[in-house]
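Letters A, B and C mark the chains in the order given here, with residues in each chain numbered from 1 onward.
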Amino acid sequence: MKRPLARAGIVAAFVVLAGIPWIASPSIVQFGINMLLLAALAQGWNIIGGYTGYASFGNSVFYGLGSYGTAIAMLRWHLPFGIGLALGTVIAVIFAALFGRAILRLRGHYFAICTLGLAEVMTAIVSNLEITGRNTGLVLPLLRGDVLFYELSLALVVVATLIVAWIAHSRFGYGLIAIRENEEAAAAMGVDTTRYKVLAFSLSAAISALAGGIHAYWITFIDPVSAFDIGLNVKMIIVTVFGGPGSILGPVLGAFVLSGISEVLSTEISTVAGLFFGAVIVVAVVFMPRGVADLIRRFDKYRWRYFAENVRANRL
Amino acid sequence: MDLLWQGLVNGILLGGLYSLMALGLALVWGVLNIVNLAHGAFIMLGGYACYYMFSGLGIDPFIALPVTMAALFVFGYLLQRHLINLVIRAPMFNTLLLTFGIDVVLTYSAQIAFSADFRTINPSYAGAHFTWLGATIPLVRMIACAIAIALTLLLWLFLARTRLGRAIRATAQNLVAARLYGVEPRSIYALTFGIGAALAGGAGALYGVVSQLNPYIGVSLTAKSFVIAIIGGLESPLGVIAGGLILGLVESMTSLYIGATYTDVASFGILVLVLIVRPTGLFGRTT
Amino acid sequence: MEPVLSVRHLTKRFAGLTALSDVSFDLGRGEILGLIGPNGAGKTTLVNLISGAFRASEGDLRFEGAPIGALPSHRRAKLGIGRTFQIMRPFPGLSVLDNVAVGALFGTGGGHRQLAIARELAHQKLEFVGLAHRADRPAEALGGPDRKRLELAKALAMNPRLLLLDEVMAGLNLAELEAVFAIVRKVRDEGVSVLVIEHVMKAIRSLSDRLLVLHHGEKIAEGKPQQVLSDPTVIEAYLGRRRAAHEGAGT
């Protein structure tokens, strides 16, 4: 096996990534922070969506709770950033555990839509509360330190990826995959499906909330519409499915590639960029439905037939 | 009392149009097991088709409506046959993502082709209204609601009474069943998707008459259609009418008594509650 | 000796339809009980009730003396009840080996916590059922008979004390049938109690220590295979129907 070599390569890649902000221009560092946070979010979604098979549209809720938890702790209670971040994460996890029990009984589209509804409701609630600053949102103290935020985001990606790597090779992860593949059979084999799903949902929530908290402090301004933006959740899904759901590095890879493409395109006319982005999604879903990770793994064997095989497998 | 009555009337007029919007989504979902995220974009396209026939060629919007529907039918049929069909057996994520991609493409194409300006289909009688039992009823809203309900009932009759309709319903239960009716599942899928698009087109034309069009209305209309399909279930167009009316009334009552900013909380709150209590929809079959 | 499984007055109704009505029986340690009956007799419903996929409407279920009627599926699996599914349910995205490993990781007593040990165990079970050469294939690539073997291996990897086999022999040829017999007997010899649903009459007769016959959700006979199969009620219910259908087709 070439595993140790691959592992060394991955570690080296992360070391290079960690070094970038010390030499690159500020605009590249800012692009990097966005890209890394998206990678972390995708990795979080990967746990509930990719491994457990539940298409959550509620991860943007956890992201929003993380943002607001951090912001409120810092602004209203004058706590340091670290404690605020922890608080926001705890709130998101509690929320996930409570609602997870109720809504993880739903399957397929129904679960997806229910979490979508949850996101809408949260946006509306936060827009109407005093403590969250209603529609106008909250302004956080300014901290000039893009390098710090970059390294923090990178650390989050590394931690999230390590968690996913552990899941992939653990009893817990096998339980999740069994649920994804066939929930009834998983239960009959002794997997405590409810507990596992709630745990996966909570873990996913924690990662999303951490990303939300980091983003809030970096950008120094949050409002309900941007904090609970479903578009962000859609991005997590696109990036994960593009990269390879249920794989360890796929979501990170997907985030890097797609962030890169959209960054290059957005320097052109933005409408054309959007159009192209949509087209990329369509083409990717049709020709590489299992993501980049699977393409890399199997291209050697199938060569160009890989794309035709995918179409043949999924068409009617 | 008058206020409540007016609110109820508004809710019903809105709800009728809502049910037509959701009808195509529910039909496609029930038969193809695809939640078409581009559904709202189809509605938007229908609106623009009708708008250009009206403003460019001077065709009355209610006469342009069937033409719009025919155009959208062809569009939907071809789209399913040549693109969506390629991933029809893939996991749910993939079909969801594909239709999302289509939505993005359609939205940006519309922005390039039609510009981002607001458009309204404004026939000479747009401002006409009458009073009934103390409630003011705008004429175009009345006609739009009536057409929407009529189309929904027409679909119901089509599914219940015609051979093709029965084949479509059978396909919803079991793909192979379509063959018993002598129809290829592939054609059934494309036909169903075409009908779904045609219904969206019709809804879009009516929407353009009673409200404003721009390239971005799709997403929120897809979301509303979702909610209605969930409340009404996927079993029957009659359930969708009920779902549409419920949503229309809830929105109208919420904006009347709580505030316009809360309409989305109310409608999505209902959605979450319905799903938790009855996962197959309020009027859906229990398993 | 206390029975491993004790079923008393078990009844299951679905929206007005009674699928199983007042069924009682015991299953001893190391015993193979054959469950037969025409289609729709309630055999799979009974398995679903014992495994916990459904809850009984009425009646009492005991496993090794303890009531289990209120426990969810996974708790029953943990106690030592393993099952196969009539409609085979592999985890399609996992390899054959990993499918079986899930059974070893969970299963009785919560299974083995270590992935490496579980996979080793899974490999043994695959050898046991004769599927080791397919270990690395994706489960969805297996054909019919191999899927049945996989179902069996998954259930065995749970290390169950009660094994519920729902038609694992249907569609197998004679040689394959003999192989499965040998496996089931070997499992039984290790002290596992087995409940077998089977359609192939010849198979079930030679395999089972005892037979239980269901008809329209009711138990109509129980006892030694020879005795049960010569019971006029059973012939009437089980074979009579087929004969009637046969004659009906002939005219």
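Note that a residue touches a chain if its C-beta (ideal position, glycine included) is under 8 Å from a C-beta of that chain, and two chains touch if they have at least 3 such contacts.
As the structure is a computational prediction, the values presented were derived from the model and not from experiment.
Without chain A, the contact network of the other chains breaks into the groups B | C.
The most centrally placed chain, judged by C-alpha centroids, is A. Note on chain placement: the centre of chain A and the centre of chain C lie 42 Å apart, centres being C-alpha means. Put simply, the C-alpha centre of chain A and that of chain B have 31 angstrom between them. Distance between chain B and chain C, defined via averaged C-alpha coordinates, is recorded as 48 Å. Remark: chain A residues 49, 55, 102-103, 105-110, 112-114, 116-118, 120-121, 123-125, 127-128, 234, 237-238, 241, 245, 271-272, 274-275, 277-282, 285-286, 289, 311, 313-316 touch chain B in the complex.
The touching residues of chain A, counted against chain C in their complex, run 169-171, 174-175, 177-178, 180-182, 184-193, 246. Against chain A, the residues of chain C that register as touching in their complex are 51-53, 72-74, 77-78, 82-83, 85, 89-94, 98, 101-103, 105-108, 110-111, 113, 115, 118, 154, 158. By the touch rule above, chain B contacts chain A in their complex via residues 29, 35, 83, 85-94, 96-98, 100-105, 107-109, 111-112, 185-186, 189, 223, 226-227, 230, 261-262, 264-265, 268-269, 271-272, 275-276, 279.
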